[in-house]
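Structures given as structure tokens follow.
Shared between the two complexes below is chain A, which pairs with chain B and chain C, respectively.
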Partner chain A sequence: MSLKGKKQSFRILRGDSENSSMEDFEIELDEGMVVLDCVHRIQHEQQADLAVRWNCKAGKCGSCSAEINGKPKLMCMTRMNDVVAETPENIPIEIRPMKSFPLIKDLVTDVSWNYEIAQKIKPINGPDEKNWEFNQMEADRVQHFRECIECFLCSNTCHVLRDHDLFDNFAGPRNLVRLAQFEMHPLDKEDRIPEIKKDFGVEYCNITRCCTEVCPAGINITDDAIIPLKERVVDRYYDPIKMIWRKITGRK
Partner chain B sequence: MGEGFKLPVLNGLGKTNRIDNWWSQPLIMGTGLTITLIYTFWRLFIYDLEISYHLNGSTVVSPLFSPNILEWELFSLNEWAKTAPNWINAAILIIWIPFGFRGTCYYMRRVYYRSFFASPAACWVDEPQINKSLGYKGEKMVFIINNLHRYFLYAAIIILLIKWWDVTHTMHFNDGFGISIGTLVMGIEAFLLSMYVTSCHALRHLAGGVLDRWVSGVSKLRGKMFKKISIINRSHGFWFWASLIFVFLGDLWVLAVNKGYLSDIAIFVI
Partner chain C sequence: MSIEYKHHEFDVIVIGAGGAGLRAAIESARSGVKTAIISKSLLGKAHTVMAVGGCAAALQNADPRDNWKVHFHDTMKGSKWLADWKMAEFHAKEAPERVRELEQWGAVFDRTNNNLINQRNFGGHTFPRLAHVGDSTGLEIIRTLQEKGIHSGIDIFMEYTVTDLFKDNEGKCIGCIGYNRVDGEIHTFSAKSIILATGGITRCWSICSGSWEYTGDGHALALKAGAELRDMEFVQFHPTGMVWPPSVRGILVTEGVRGEGGRLLNSENDRFMFNYVPEMFAGDHAETIEESNQWVEEVVSGKLATVRRPPELLTRDVVAKAINSEVKAGRGSPHGGAFLDISHRGEEAILKKLPSMHHQFKELAGVDISKEPMEVGPTAHYVMGGIRVDAKTQESCVSGLFACGEVASGLHGANRLGGNSLSDLIVFGKRAGEFASKNAKDKSQPTIDEDEIQKAASKILAPLMNKEGENPGKIYDELRDMMQENVGIIRTKEEMVSALTKLKEFDERQKNTFSGTSRKYNSGWHQALDLNNMIIVSKAATLAALTREESRGGHTRDDFPTPDDDYWGQILNIIWMDDGEVKIKQEEKEEMRDDLKDAIKEVKAMIAERAAEHGGEK
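After this line comes the complex of A and B, so read on.
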């Protein structure tokens, strides 16, 4: 299906914390556009003050997160072909900012909560001499987590934050990924299990896997980060045999 | 924290800005689970006859009732079975193992939180008001039992080994060793269950995930196991459904043979 010359209507959220509403726009499409191109075209042709955050247009900076037809996505990586195909002919494509974070203006939200939580995580604490060596197998597991681009689509998606507003009790999937990355680091000596349970609230996650579905970096958040952390919490707090074993041997 | 004006999330069960058929997956999975529950109940408590059949000296037991511990000489279980109340059957005695194992499985938890608790029914779809007014606690309160998944895993491994042993019972014919359709049915069931068990998240953790370093000797071996399990762990959900469905197909097969709708044959005997 060629999109060239097709007239397409959009309904985009405009406004700030004082008042906001959905506004309609129409533009002519070109071949090969992504959603971010359309937002830019609207900005260029009709609404110079339409606020949108972006940087790389290559799915690498994580700044262009928004909700397209109700699904959180990177605008720069979402092809118009796909969006037009899923939208019925007579209704506009809807674009909203992420709903779990405070609105600044139009499509831009304030994601600083994520950074505040990140600052509470103890950094890696490895051996003093700096010639760290570990093997590839050990590296692979934690390397995978470094592909995160901090788009916060996962935390925006997570129902613990989105529907239940537990921002004070739960760190959100992005920061659980960071915790997993540090906790499983082959040379790290820090013990973060008590915080992972109490302060970062891993038990609030009910492994329904929406964060994994949405991650544009393809990180298997639930399977590779959260479930292994939950298993480590079980080792420490719920497994009776391990608890007895620790009492007897006096080891952690 | 996280304060400031936010766009309202649409409130109420099923409210969303999504325009696709988000409800189809939770609906299908919820229906599937409900059917298996009802069927299991019927088979265990209402109609527990025709759970196995014999073919020329071999025994084929329905996967739902395997291992049929009431036929064991161990601990004189077979003697006890004669005096036991007659609502007792093999499945009633061991069902807590597969039930507990599947019920605390990380994949199954996803399915039931979504389908039965709508917590959430699908991503970016709002939850029913009651979920919010009850105060969401995640996997605490009653769900704390889920933390014992690994113990159910240990028990399931034992059951699995016995199931393979039961498969060998389908291969002893009066006139030699062979394979019947019943062998295939039970063999496939045991295979699917093996895949389901070995792709388990808790096993992945216990095998190697628990360690931070896989340097040499045993720990390196455990690292390799972790890597291997990680590969099949990706399709844990598939193995969950495949093994579950096959238990019931196997049971239907045994029922059908008993009723004479279908008949088993020895494919070859040596």
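After this line comes the complex of A and C, so read on.
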């Protein structure tokens, strides 16, 4: 279906944390557009000061996260064909910023919390010698996590943060993925289990898998990253045999 | 009334948080000086994140026949012998060490069967040389540096745009000024050394692979501060950008597709690259489809190649021009490109080796590349030109002002080899950080003149003072279309002369933009300020292109279609600024050191031997 020439209306959140409202816009569509193209068209033709983040326009940088008709998505990877098809005729397409993070302006939110948590995670700690040796199968396990583009859509969606506001107690799925990536690195020697339990609050996650559903990088966040981390915490703190074993051997 | 601002003091300021800036800041902080990094975007979003194919380094993991001499030779030859050979030498020698260091900082590259970093083939590289992660190498590198960087004690200023540099009476660079994109506040930074790592300029063309950040800010900042640029006529048009649908036109299709065996076809289903092998590369590439196929089979199964590579892997300038010619001859694809087909590799291999390309085409074009060919065409991708720096220290001719990464120049001459940018970032990022911090030691904190601060600050606020005017987005779009039309892949004198006239008109128009008066995340205001830089660098690129009356690498003249080795092959175009005017002068390139000339001869003999045996080495 070609959308060329179709007049399409949008309803976009405008304003800042003190004062915001939904505003209506109408533009003419071209073939093959994505939602981000429409926002840019509005910016270039009507509202020069409309605020939006973007960089790569190809789903690689994770800058353009928003909620399109209520669904958390990358604007640059959401085709207008699909959005128009799901939106009832004569109803505007709704674009809002991510809800869980403080609004800066229009579609731009303050995601600095994610960076602050990242700063608290202990970095990789491997051998001092260069030319690390491990095979592709071992690499695969971690590479999957490292495909994260830091769009923060997962953390935006997670009810622990979105509804319960536990930003001080829970690291959020994105940073749990980061922890998993270090923990499962074949040559990493660091111990992060105590803080995964305590500071990063892995136990707050109740495996609803909403984060996994929205991840544009296709990372199996819940099953591949969070559940294994939970298991490691359980092994450490709740498994009596392993606890005794640790006491005897002095290992972590 | 004077304009308010916040002031900060550091030893070293790095402007830019891509691979080059992060690597420089890590090195600077490591040497114990107080370091800050400033970037227009959030951390981890710079261009480097988009790099796909790989990072070139003669690690000798995939093919033991490789070594720094071969990498040096390939870089010089790819540059059409215009690169700064000192930089090419440092680069070839140091890249392996820098890549291994990334591994220790957490980068997880694809592995060889021997459990080491794997390497893939790319155009112009004699052996498989690119360390990679599927097709998201840039993401891996920037994330690794970001994770290292945040634990290195660097102060990070995210979403700040720098608009001017300051110098003292002796001409030393001592600081910069910019604004916070979020709240519009003005900030000044005094520093003993400043490193520019702002990336490229390709946003000046309407079909490009770059983001809004690529407005040439660093190039313009340096020019305004008295530094020189070189090689500005050399803009790399990557042969394979997406061409359809219109909204994604220009977005990159990695060369990795061809490295993995992708075939270029025209509308007559002809593998046309066999017809476009230039004399310079005669004998280096496969001459039959059978030889090409054998090479792909050997390489993808992890064997050493015993035959020559397919002509699809010729250097980027050659392939881009070939596609251009096929389209002009009426043999293009439906939307004005060529077909690139990788479907013969099968779905499993494609999903493993090229997952993000598969995803990109599926989502954005509705094309399944494991079943159908892609449509591709040239896109403005990289600027070889940039700030002229000392090879060893990366310092420009302005004392205390350093540059590294895409904004610097010298390593790539007239044409950059794929994969040589990511390695450039880490090799010269480290050098810039090292020498900038040395320069900063034992110096007292410089003071910036208040009048100059006020002048620079009022320039920042100027667009907000307008009561009415054009939408800056409109000027921006028209400027890019103009450059695409007049200073694109094939150039003529008439078009470039008219481009220079038009650039003067844009210069006037950009003064009268209107984007509201709010300072808060005002995208229009930001764009109005970026326009200024785009016009300066467009002038620089156009003037250099108009002056070079030959065709070489990333610079092709319709009116001078061949290289002129006797004159222009020896000459560099140097751009500088005098009282706000962009000026040009010529300088002879420096003669190569004898031992390096011998290294080149040695490698040439090795390659000739391979060609003589029809590639059949034992």
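Everything that follows uses one rule, which is that the second predicted complex is superposed on the first by the 245 of 252 C-alpha atoms of A that agree within 3 Å, B and C clash if a C-alpha of one lies under 4 Å from a C-alpha of the other, contacts with A are read in each partner's own complex, and residues count from 1 in each chain.
The definition used in the following text is that a residue touches a chain if its C-beta (ideal position, glycine included) is under 8 Å from a C-beta of that chain, and two chains touch if they have at least 3 such contacts.
If you're wondering where the values come from, they're calculated on a predicted model, not measured in any experiment.
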Touched partner set for A:174, first chain B, second chain C, both or neither: neither
Which superposed partner A:33 touches (first chain B, second chain C, both, neither): second
Partner chain(s) touched by A:135 [first = chain B, second = chain C, both, neither]: both
Partner chain in contact with A:149 - chain B first, chain C second, else both or neither: second
Which superposed partner A:73 touches (first chain B, second chain C, both, neither): neither
Touched partner set for A:52, first chain B, second chain C, both or neither: second
Partner chain(s) touched by A:14 [first = chain B, second = chain C, both, neither]: neither
First (chain B), second (chain C), both or neither touched by A:124: second
First (chain B), second (chain C), both or neither touched by A:227: first
Overlapping contact positions on chain A, where the chain C interface meets the chain B interface: 110, 134-135, 185
Touching residues (chain side chain B, partner chain A) in the complex: 1-9, 16-20, 106, 109-110, 113-114, 119-120, 123-124, 126-127, 131-132, 136-140, 143-144, 147-150, 201-202, 205, 209-210, 212-215, 223-224, 227, 233-234
Residue numbers on chain A that touch chain B, as the complex places them: 13, 17, 20, 67, 69-72, 86-88, 91, 94, 96-97, 99-103, 110, 113, 116-117, 134-135, 137-138, 157, 159-168, 170, 184-186, 188, 201, 203-210, 213-214, 220, 223, 227-228, 230-235, 237-239
Residue numbers on chain C that touch chain A, as the complex places them: 41-47, 49-50, 97, 100-101, 103-106, 108-111, 114-116, 133-134, 136, 139-140, 143, 147-148, 150-151, 158, 182, 211-213, 244-248, 251-252, 356, 359-360, 363-365, 471-474, 476-477, 514-516, 518, 520-525, 527
List of chain A residues in touch with chain C within their complex: 16, 30-34, 37, 40, 43-45, 48-63, 77, 79, 104-106, 108, 110-112, 115, 118-119, 123-124, 126-128, 130-136, 139, 142-143, 146-150, 182, 185
